[in-house]
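You will see two complexes here that share chain A, one where it goes with chain B and one where it goes with chain C.
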Partner chain A sequence: MSAQPPDGEVLLAVDNISLSFGGVKALADVSFDVRRGEIRAIIGPNGAGKSSMLNVINGVYHPQQGTVRFRGETRRRVDPHRAAANGIARTFQNIALFKGMSVLDNIMTGRNLKMRATLFEQAIYVGRNRREELVHREKVEQIIDFLQIEHIRKTPVGRLPYGLQKRVELARALAAEPALLLLDEPMAGMNVEEKQDMCRFVLDVNEEFGTTIVLIEHDMGVVMDISERVVVLDYGRKIADGSPQEVRANPAVIDAYLGVAH
Partner chain B sequence: MHAAAPPQADTFPKLLLEHARLRGEATAMREKNLGIWQAWSWRAVAENVRDLAGGLSALGLRRGENLAIIGDNRPQLYWAMGAAQALGAIPVPLYQDAVADEMAYILDNADVRFAVVEDQEQVDKLLEIKQRLPKLETIIYEEPRGMRNYAQPFLHRYAEVQRRGRKLHEDDPAFPQREVDQGAGPDVAIMLYTSGTTGKPKGVCHTHAALITAARGGCEFDRLGPGDEVLSYLPMAWVGDNLFSYAQALAGGFTINCPESGDTVMTDMREIGPTYYFAPPRVYENLLTQVMIRMEDASRVKRALFHYFLGVARRCGAEILDRAPGVSVVDRLLYGLGRLLVYGPLRNVLGMSRIRVAYTAGAAIGPDLFRFYRAIGVNLKQLYGSTETCAYVCLQPDGKIKLDSVGPPAPGVEVQLAADGEVLVRSHAMLKEYYKRPDATAEVFDENGFFRTGDAGFFDPDGHLKIIDRAKDVGRLANGALFAPNYIENKLKFFPQIKEAVAFGHDRDQVCAFVNIDLGAVGNWAERRGLAYAGYTDLAGKREVYDLIQECVEKVNAELTADPMVADSQVHRFLVLHKELDPDDDELTRTRKVRRGFIAEKYAPLVEALYAGKRSCHIETEVKFEDGRRGKIAADVQIRQVQTFAAAPGTPAVAQRKAA
Partner chain C sequence: MQFFFEVLIGGLLAGVMYSLVALGFVLIFKASGVFNFAQGAMVFFAALVFVTLQEKLAAPFWLAFALTLVVMVLVGILTERVVLRPLVNQPQISLFMATIGLAFFVEGAAQLVQLWAFRDISPRPLALGFQDAPIDWLLARFNMLVSRFDAFAALVAGALVAALALFFNKTRVGRALRAVADDHQAALSVGIPLKYIWAIVWSVAGFVALVAGLMWGARSGVQFALTLVALKALPVLILGGFESIAGAIVGGLIIGAAEKLAEVYLGPYVGGGIEGWFAYVLALLFLLVRPEGLFGEKHIDRV
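Now for the complex of A and B:
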């Protein structure tokens, strides 16, 4: 683990976010920040509002209150497309890849926002598009090499085992060369070996590309091992925020996870 | 020798320089990187080797010293071999998948000060054991990924070392040539460690002269030269890879191709289409199994077509390949049609469209398997050799192929048989010595300078050598009959359902066996049958699986009756082991040969149960996982009694059920 000093520049700050769906309060007055280059974990019991928080950050949900400040720009409403263009990429809890397309093509879609050629140029593969494809393909190949998925480059994603699909999803997110990477339960449903691989890759991404990472994870071992700071949500509220050791010792967190009568 | 090859070059660095001069722009090496085949010309290779040699020299590598090389088949690691040889140092390639402890022994034994390794994984292994290796001073790594936070002063980046070498070359342009000129044929060119089937691994020292003799002999024998392509994917520490991908490539001047990663070999092979190919039998077997499994899922028409034309090929394909007379016109026409519809596309899928010469060795190959490849037009041949003999003793010549022999002695090789059947070899392609083991060196040569191979065999009437087993493994049953365990195990392993087998019988009254099922083949079979299983251990214990294996064993028993020499070796009882034999647990060597003695000791209760006639036996076994953790597998292993047949030469074997 890289020992980044926790006093780096703030890349993302969410301030007093409240989000409700009808009468259900998903998030209530949540604030925290993410510093450049760190791995920040969001944990909490089921229904605590973790995925909602990610959805607020990349603009899928618009909070009723509060602001999101990313790279110094404060916004109340961002749309996902805009967030992606600004350098926020994410993976999903339920894999959201194009199952019928090859691994390579799936990762290539991660480069879409960087392509400047018009639809017409792309359709007939001339001019700018030709040059662009070469540049993008090279970048994609570097990611394939990085995540060690050369052997499945041409395989349709639907035919891959779950753990590899998760890795392909990470590859696609990386293809956008994000400043901030949001990972929604990257290790869910994996076996021990796959989890170890994924941890290694998350750390490598953070170290090699300097990508800032916000991840939601249930496996406490993983969270304690790889994250520098942890936010704990419970029923939409932030109940703790600090280093893994601090959070683990926090009585409110223990209550939330184990029930009050422990 | 091929027209363009320089006969006067007596070392590999000299050969490299000759190629760079004669065909500087021709492609010497390729490697797939970032999805694209990158190529290096002979000139580029020579320059890279020169720069690395300069850098190594600047770091202090001295003539006569050993340089460890650890990693997958990468051009940069082959250059490291060349660079060491150019300086008169001796490259020592190690198996890249060995765990740190196994490496420690060799690194210590070889007095290694310098190591060139592929990546972080190998660096981590060396760092783990460095405390125990006071002699290891400098580690050079090729792949910088993940190495950012390694600050140790003894770690150097490959590219950085080459940069130092370039600078040295600029300051002293005559340096490389001066170093190369000091080398000569009788110098040791490489040190390869034996797999350690028996005892600790020994370092086999080969001279340039020996390897070049073997390489030139092989190239002439099969007319290999510029324009040929070989895929370098077998471990660099193995004598075969050293001969085919390094020695022969330099002697013959052909192109070597390094795959992108171990997982992509099949795809890479299809893209390259090698003309010259080497693989141990299990690789051919895996390829065939994959094809057969995929064919099962094909449509009915395709399946029918496939099986019909495979029948045609079995009938006449091998004869057509050998240009043997007596193939009917109808068969020739059918075969031609089959080539268009089935064999051609199949060879293309296997990446074997352009293969002119394919070899297999290292273990016995199943007759069906061997015949299959020859039938579809792949010129698959067998050879015989060992680490000590530069893998150059017997070669099957084109057109004179036999299923169960390894061919006549290669040009320049003398083969004799000792009284006890041991194969003795004398040639110039022979080890100089075992490193620091004059006792072992003296032991392996007889008074006439013949090398004792340790294999038992005999010549057939055409002068082709037939190997039956390791000489020391050939034992006797209690009744004095010959017992060649390997022979029986191989017969068992020819069934695709059986992955490994271990036969016991020396000094016993009967033969009994352990079997490992092939998880791929048997798993597929179980799925088709709707037989649910949770993993290897579960599947191995199923009654249906035992029935399946019993059938195989009984077929082997029936076959064994055909030869009176081995008729007594029929398997009486067997069990399916609850875990797969694994090199990580020391049960197999890195080349996947069973360590029979070790297994007999480790599973002693099972062996006893087999001979006590029990019906099942409880066993708990410790296993090592890939990440170094340990665990235990426990199971109740069942034991099956098998039908044996009366040995009645000349008459059909009569079934004779023994009391269970």
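Now for the complex of A and C:
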């Protein structure tokens, strides 16, 4: 895999982010950037603040300090649905799909922001609504095809096995055609085969659609294989940042993962 | 046998009227998990605004209907802003309590309108052009008494359900509504604005309240007792399930038919007058057997 740092423009930059809940400091003065088209991994021991970081990026949490710059636009706080409108899509650590709805409908919600028909047109089901449904349905079918989930498209999501649910969640995020895709432990709890599939999908998405990806992952093999640059967090602080090889050799990282001899 | 069918059909058609009210509850419960105690009050309020517009401004039916709809949408948006928005992320029970408060508020507003417009609180008649008289050809052909008005109400309810089903299943907003009902956080992450969706849900519930208010108002006059119609919707919901539009209809049909049949066939043994409470007994029995309702979602908790 490519180890040389990509030299594209900076798509996302988080600067001096600090976030605390009451007395608990989840993130302390964390800065890093993500360049257009790269796969960026965030790793760290449990409770290091990885998911908090993603939540700051897509606006679920509002940091007490620091800014997030996305596509050249700097903002202090943003709401999740605004972040989605700006081109940030995500998946969640504990799958957050609409369990009662079919796979197809779940993915269609990802197209929500692309549809333009007014409420009135939808209420009487004429004009743009009908046309739009068809156009977007086609796009969704392409994604379904891409992720190889044709056989389950009508199944209610709640009935699917875990690995497939993760894939549907990825499909829903892709349906929004995001500029930035945030994946929170996309391979957690999967068996080896499912992990390989998911890895391939992540790489394919990156290559074919040129989507920039930020992912949190615990499986070091996966991280080293697919990511171009890695940020390491520990107790809410950034302790390393660089190519997988650099990070792996970094003594601070080894200490964080294995503990320090006293 | 022919008498049995007459009672059955009468009951089924009466049940449709209960379904109309139950629908309003289902809409809001589906989209926000809140049991809207104020639904009955909204039915009364909508009917009253309609009658006032018709009588005081001499507005034709469609104009009065459209204006009342505008008022109900405003009520929906206002409810979202003033009542629901401050309660985001609060426990469901807080939201439920808030709707009880809302019920008193809407009831009060309706009574103010009534006093201001008519200076008394007696029932106002509301005419929709369908008399509560038997359908002639059914009477001639099968010798059965089926109310014209009831048949009309059933048609309206059927059309309403079909429209809502289409809206919920085939449009972006419908999908967004179901998504919000399922998972707030995930809905936000795909760019669905929660506040906007809630305003829509309450507006649609207002629309359903208006239709139910017109039907019930035409049947028994527009009066404060309309708020109590909501109580009859409870057994319907328990039977049909709180989350299902189809359940509201089927539940209504079962309750309507069961209470009429019970009155006619069981009533004489206990001295009659069981129509008023039979529905609740049925709901109670149903709770023992199938607490989630016929079409409700079974909630299985992982331990």
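Throughout what follows, the second predicted complex is superposed on the first by the 253 of 262 C-alpha atoms of A that agree within 3 Å, B and C clash if a C-alpha of one lies under 4 Å from a C-alpha of the other, contacts with A are read in each partner's own complex, and residues count from 1 in each chain.
The rule is short, and it goes like this: contacts are C-beta pairs under 8 Å (C-beta built on N, C-alpha and C of every residue); 3 or more make two chains touch, one makes a residue touch a chain.
None of the values given here were measured: they were computed from a predicted structure.
Undergrad: Mind checking the superposed model to see whether chain B and chain C fit together on chain A or clash?
TA: Here chain B and chain C can both sit on chain A without a clash.
Undergrad: Could you let me know whether more residues of chain A are touched by chain B or by chain C?
TA: Ranking chain B and chain C by residues of chain A touched puts C first.
Undergrad: In the overlay, answer first, second, both or neither for which of chain B and chain C A:246 touches.
TA: Neither partner.
Undergrad: Touching A:196, do we find chain B (first), chain C (second), both, or neither?
TA: Touch partner of A:196: chain B, not chain C.
Undergrad: So, A:109: does it touch chain B (first), chain C (second), both, or neither?
TA: Only chain C is touched by A:109; chain B is not.
Undergrad: Figure out whether A:97 sits in contact with chain B (first) or chain C (second), or with both, or with neither.
TA: The second partner, chain C, only.
Undergrad: Examine A:153 and indicate which partner it touches, taking first as chain B and second as chain C; both and neither are also allowed.
TA: first
Undergrad: If we overlay the two complexes on their shared chain A, which of chain B and chain C does A:142 touch? Say first, second, both or neither.
TA: A:142 sits against chain B, while chain C stays out of touch.
Undergrad: Report the closest approach of chain B and chain C over their C-alpha atoms in the superposed model, as a whole number of Å.
TA: 14
Undergrad: So chain A touches chain B in one structure and chain C in the other; where do those two contact lists coincide?
TA: none
Undergrad: Within their complex, state which residues of chain C touch chain A.
TA: 166-167, 170-176, 178-179, 181-183, 185-194, 200, 297
Undergrad: Inside the complex, what are the residues of chain B that reach chain A?
TA: It is residues 33-36, 145-146, 148-149, 260-261, 263-264, 267, 626-627 of chain B that touch chain A.
Undergrad: Quick one: which bits of chain A touch chain B in the complex? Just the residue numbers, please.
TA: Going by the criterion above, the answer is residues 2, 137-138, 141-142, 144-146, 148, 150-151, 153-154, 193, 196, 204, 207-208.
Undergrad: Spell out the residues on chain A that touch chain C in their complex, using ranges where they run on.
TA: Going by the criterion above, the answer is residues 58, 60, 79-81, 84-85, 89-90, 92, 96-101, 105, 108-113, 115, 117, 119, 122-123, 125, 129, 132-133, 172-173, 176.
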